[in-house]
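The following blocks contain the structures, represented as structure tokens.
Okay, so subunit A shows up in both of these, paired with subunit B first and subunit C after.
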Partner chain A sequence: MAAPENLINLSLNAAAVAPEGVVLLAMLGTLIVDLAGEKAAAKWSPPISYLGLGTALILLGFQWNGPLEPSFLGSFLADNLAIAFRAVIALSTLISLLISWRYAEQSGSPVGEYAAILLAATLGAMLLCGSTDLVSVFVSLETLSVASYLLSGYMKRDARSSEAALKYLLVGSAAAAVFLYGASLLYGISGTTNLEAIGIALIDSPTPLAALALVFVLATVAFKIAAVPFHQWTPDVYEGSPTPVVAFLSVGSKAAGFALAVRILIGCFDAFDTQWKLLFTVLAVLSMTLGNVVALAQTSMKRMLAYSSIGQAGFVMIGLVCGTEDGFASMILYMAAYLFMNLGAFACIILFSIRTGSDRISDYAGLYQKDPLITLGLSLCLLSLGGIPPMIGFFGKIYLFFAGWADKQYLLVVVGLITSVISIYYYISVIKMMVVKEPQEASEVVNSYPLIQWKTIGLPPLRIALVTCVVVTAVGGILSNPLFQWANSAVAGTPLLQQVIALAGERSIG
Partner chain B sequence: MNIANSTELICFLVLSIIVITGSLGVVLLSNIVYSAFLLGGVFMAVAGLYLLLNASFVAAAQVLVYVGAVNVLILFAIMLVNKKEELKPIKGLQIRKVLSAGVCAGLLALLIRVDLTTPWNLPGPSAIGEKATERIGEHLFTDYLLPFELASILLLMAMIGAIVLARRDVLVNDVGTGESVDQGLIEKTTNPILIDKRSTS
Partner chain C sequence: MDANLPIAAASQVDFPWLSLIVLLPAVGALLMPLLPGETKYSGSELPRNLALSFLFADFLLIIGVFSQLFDNSLHEIQLAERISWIPLIGLEWSLGADGISAPLVVLSGLITLLSAAASWKIKSKKRLYFALLLVQASAQALVFLSQDFLLFFLAWELELVPVYLLIAIWGGTNRQYAATKFILYTALASLLILISGLAIAFSGNQFTLNFTELAELKPSGSFGLLCYLGFLVGFGVKLPIFPLHTWLPDAHGEANAPVSMLLAGVLLKMGGYALIRFNVQMLPTAHLQLAPALIVIGIVNIIYGALNAFAQDNVKRRIACSSVSHMGFVLLGIGAIDALGISGAMLQMISHGLIAAAMFFFTGSFYERTNTLSIPNMGGLAKVLPITFAFFLTSSLASLALPGMSGFISEITIFLGITSQENFTSIFRSIVVILSAIGLVLTPIYLLSMCRRVFFGPRIPALANTSEMNAREMTIGLTLLVPTLVIGFWPRAAIDFYEASTNTLAENLLNTGITTTLKSLPIG
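After this line comes the complex of A and B, so read on.
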């Protein structure tokens, strides 16, 4: 820390958090228009939040490949990795908001506060991606978590939503406490809260203590990305929370968790990389197996997607365990692909539940007769999640497996391939339900399907989000080259990752 | 060992015993009011430990925040929720208790082992005493500026969220269409209410 007389000359380099500043302004804007009443909030919150998130995305674009200087005296670093993850999070919030309005209005919940809390969650998640200090990691993690608890309990008249919020709050607080315990051990070992300095101190520190800190911190990361065995909250929270919130939690919150994993495990525990890679391999194998196998037995669409998201997190962890250039790039690429395909699937099931009030897989029977758009969109997104060519998910998955194979992670790749096949089975069975059933076999819900109309306030944005996600999912696979380049330059523009890759290269040669 | 050291040791032992027995009481007693008061005692004893470490600012903050705010809030919550309810006995509660006790004991053993095997570099940094407040202020406005500002957003959002969750009025009409709303999740697991409403109307 600088001496008092030098404090005046400190350069904060605060421009690095300009995108977060815009998101904050949008959050305050939605709160202010909300004062004018529910009608004004319903009219003005959407444009304000689009404007804020859109500007944030543009500002992130300007930061790409910018000069790398730590800002806020080492609390924050806007390297390309952070920018990529922040863009994924901002985009996931934008799409979640587009698909939320009709749902929130139809269930009679205040829209202005909903947008404000979701934007606060985004703010926390975005700051988490670039945090390079234990204190800012913890505070941004808590901002994300507390906002998520509030959002999952947002339908307060429904007991399931309250139950989800309470469960999430209790488990999440326990995880936060465990993280604090680990962080205090790290501070005790190194005497600093800066992740880079801790990483240096850990190189020659007492092993049992550092290993204990590693386990504690890893538990929190695993909780955030819902890796087995820290996944128990996921199905219940996903089932009870309002569906648009689940869409955000499954993409935005998970992306933040992966960014945290990279920052802490690679930036700080690099001296222990055999240990954490072993632990992460176990977590990935368990997640892929359990997530995909249990998803087979689900009857509720949201619960099925909850288990499938556990499995998908397992796939992404392959890239993290590799620790090679391709590994990191494939992780970022898959996260971006997952954003579109998962949010596309959620847009479809939200539209279906708005029109019918149902969420059971069996109620989708014969849907193609009544609603071709949902059928087509959901089919494409589920096929992509299962990894069927030529969707974007196929290329993402093949890149992950390729990176894993090149790094000799045979166990992970084989488990990944087998569980992918299992996942294709349950994704296809939903499509079969929608497409193959004859009109007389259609479910009651589909038989009494309301007339399709798009005029109601809140439905046009939902349609835009749905069509965008589905188009990107379907066409993105064929035109995936820009995405590959983007993911590779994200890795190339991150000194932290380059260091690790260089070290790994030296080890394999020597 | 001189008088100062032995006084410190005695204070430490007394405070530790209070913390350990108090927190065991918080967890194990079945009367929630006793637990709440014991929790207050534990917080006070922890503040005492901070004082022993010569961290008077942290001790004062501990008393103000935990005893003054958190614990009083817990007591208020207990007072307001004054409802007698017969809860269903949970199946296999004994086994669960034994299991979780086992896990906790294992964790404790692990922590003790790590504590004993680690070569701590003692004595640690010397306490700066009265200057601590100044130093904390400097940190908050230099290298911890970002988390400090973010904490204010966290508090703002938590406050708004608490108000939204606690207030009674949920909208009766859909803002967009003016139809009456279904005040809950839109997906119904067993009987889809929305459909019934539409088919009848």
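After this line comes the complex of A and C, so read on.
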């Protein structure tokens, strides 16, 4: 809690959350046009949300490397780490929205509300990235979660969607309760809700109770990033939810989870450094193994991508466990690369399901003849997810393994390498479906494939998103040096991470 | 890509010739999607012609660069280019050629061009087929030319997907199984390559990925041995080394003839090249310790491959097994740890590249006419296809190392290399020579018996009306067979190319302490 003199000065430094403010305005805007009726909402929600998210991204650009002053009496900090993750989240929402319109239209759900709820989730996720106080962490976490429950149940006429929402709600609330319990323990130990102050208190008196709090908080983080064994909700929720929502959940919501992990584990549990790293190593090994192995057996495209995203989260965790400069930078870089390749893949499967209404992998058989764009885009994105050069995913993965090896995390790197070979198998079997099958082996769905046309409402934005993601995935790897520099300066401009890196350096010398 | 890094090389040219060699085919691949789409019945021949012209230009460029700008009396890296790509992970666009890479780049350029020319009758998905072939050409050249470990690894992984798709789409009936087997074997192997490479790169005081600097680290002891084994298994899948070879008969057997030409002619050579580049050059201590083991594996390869070939009823599978047998000689040569042995291994790679490509090409040529590859279903073809028969017989004779052909020179050099290696006991040497001589005896038996059963014997009525090879096919055949004859009669033509480099390599091995290490071994 803030000292009294701060309260008098009221130096809230609210400019730090200006990007969130714009997103909030955009959300209110979409709600207002929604009042004017379905037609007005369909016409005005897209531009309003583009404008809001675009402005937010520009504002984030201005904040980059800016002066670091805690806002709202120490509950929010716009360091480069927060800015990088907020940018990833805002961008993922923007792309998710671009690929949503036609899908929402086809399922007959109101568009205005959909945009408003997605923007609310974005707001929560972005705030979460910069939160440095248990209270603000919890508030933003809940904003993100509640909006996510709503989104996953958005297709109310579809029983699977409602089932997904209910499951998500139940498991999510349990996770939130666990987090609250852990947070209350932390408050009880240290008498403060500020993460930095808690960290100092824990270093002074690392009690067993604090270890219990660590486990509770870690469980919540693991739930958000869908690490095994806290992943059980993912496949069902991903399969039942509307696909554009899954796209957001798998990238935006996950990025927020990783930001939360950095804030809490590194900012607050430095005293339990060895313990949480050990736990995280176990989680990472389990996630990579289970995610990639179970993905082999999937017949639904969405379920396969759900399990693959569990595995991908495991790869990102390698960077977090390293705790070195390269480790953090590779984590940020891979998140950014993952944004493009995963959303590119989702854009393709959404387009396919708009045209055919199917998500089954076997229905993709022979697609090369009918729709070269989806085939090419999906192939490139999946190859990138599998880490095949010269796609962006190869460079991201190499950086993660490179950082892991430099930090002597041999187990993690070896498991990561082996599971990425496994992942190549299931990614390439989708490509095999699309490209290798002869015209006479094509699925019924592909045989009755509609004529390709782009004039329908909502398809042009989808095409823009798809092409952008695929181009970045394919070319971004070769030209990835700026991205590497960016990830590195994100780490360099974050005092919290610099402290940990310096500490780790001292430990290894000492 | 900004800062130019200092170049540690003998010569420096202003123009990035090697980059041009690598990137030219890739540009061709990027142009493919711009060509008009194929209609259902009449596909245009534009993709093929485009690919052919790009590959021909690339081959001319390779010949020009290596005959004019490359000085084969030097053993250093030449024509070096070094541009920083992603400094944070030490990745550089670093190319260079020495005597070991130069002949293989020429070989790769030639075989890829001929394989595109052999793909005359590809009917479906032409644009994709030729685009993949062009990407493959780029990746191969990059493997042989790259001087940075991560760049090498990138190129090594890059050829994975084109080969997979080339087998899986245009292969035989069992193609998907073969393609999947290929990609899983290769991907698992590259995992070991990456781990070993990173381990060496991080082992020095200063992190480096540059080949020359890595070679100066000279890791020794059990760490060196572990890295050596990692590389050996990783590259051994490509070479292939027994027991990691099981993907090869499937892949070569199921792929169509042009792709088999590429697989046998170039891909296997990537394994041999990498063994020389990494295991011999970077880990000399471990290599000296494990050289006898390498020879033993080589003998197993030779005999096991030959015996396997007897059991194959499919022409292509039989040739594939003979490849396993022939690549065993490369292992023998590398294991001989002297100038003669390594030189013989190089020559064996070049000669096998030409001969195996020729055999697969002729097989493809009569398969197009007979539509069968099963030996029992054929017979009497010599009457109907006399020219094919002559060509096929010539390449078989070359393959069984008839004097006057390149295979004879390379195998005899390897034998000489082993027998003149004073550090092995004479018993070991004589056993090695006797056992591999058995392999030499087995080869003519299975190859000539195949020729007999396919081309002589009762004529199968169904095959009576097959047409003879055309001029294009004869040109391709001659382009592959003439060099084998030239090398057979005048081996200097090839040896001059790489001798300076292999001699230096052998010298380095000697300096590493050949006497001390080998004397401590039971067989040494």
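We take it that the second predicted complex is superposed on the first by the 501 of 510 C-alpha atoms of A that agree within 3 Å, B and C clash if a C-alpha of one lies under 4 Å from a C-alpha of the other, contacts with A are read in each partner's own complex, and residues count from 1 in each chain.
One rule holds in what follows: a contact is a pair of C-beta atoms (placed from the backbone, for glycine too) under 8 Å apart; a residue touches a chain by one contact, two chains touch by 3 or more.
Source: prediction; values computed, not measured.
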**Asked** In this superposed model, does subunit C or subunit B come into contact with more residues of subunit A?
**Response** B
**Partner chain(s) touched by A:V413 [first = subunit B, second = subunit C, both, neither]** = second
**Request:** Considering only the touch criterion stated at the top, classify A:I117 as touching first (subunit B), second (subunit C), both, or neither.
**Result:** first
**Message:** Applying the document's definition of touch, where does A:Y368 land relative to subunit B and subunit C: first, second, both, or neither?
**Reply:** second
**Request:** Classify the contacts of A:S75 with the two partner chains as first (subunit B alone), second (subunit C alone), both, or neither.
**Result:** first
**Asked** Just subunit B (first), just subunit C (second), both, or neither: which does A:P389 touch?
**Response** second
**Asked** Which holds for A:K302: it touches subunit B only (first), subunit C only (second), both, or neither?
**Response** first
**Message:** Output check: A:W405 vs subunit B and subunit C. Expected answer is one of first, second, both, neither. What do you get?
**Reply:** second
**Prompt:** Okay, in this complex, where on subunit A does subunit C touch?
**Reply:** 326, 329, 368, 383, 388-390, 394-395, 398-399, 401-402, 405-406, 413-414, 417-418, 421, 424-425, 428, 431-432, 435-436, 438, 480-481, 484-485, 488
**Prompt:** For the complex, which residues does subunit C have touching subunit A?
**Reply:** 1, 85-89, 124-125, 128, 150, 154-155, 157-158, 160-161, 164-165, 168-169, 176, 180, 183-184, 187-188, 191, 194-195, 198-199, 202, 207
**Fill in**
Contacts from subunit A onto subunit B in the complex sit at residues 1-2, 4, 7, 10, 12, 17, 24, 27, 31, 38-39, 42, 71-76, 102-103, 105-111, 113, 116-117, 120, 123-124, 127, 133, 135-136, 138-140, 142-143, 146-147, 150, 153-158, 160-161, 191, 206, 208-209, 212, 240, 242-243, 300, 302, 353-354, 356-360, 445, 448, 450, 456-458
**Asked** So in the complex, which bits of subunit B are touching subunit A?
**Response** 110-111, 113-114, 117-119, 125, 138-139, 141-147, 150-151, 153-154, 156-158, 160-161, 164-165, 170-177, 181-189, 192-195, 198-199
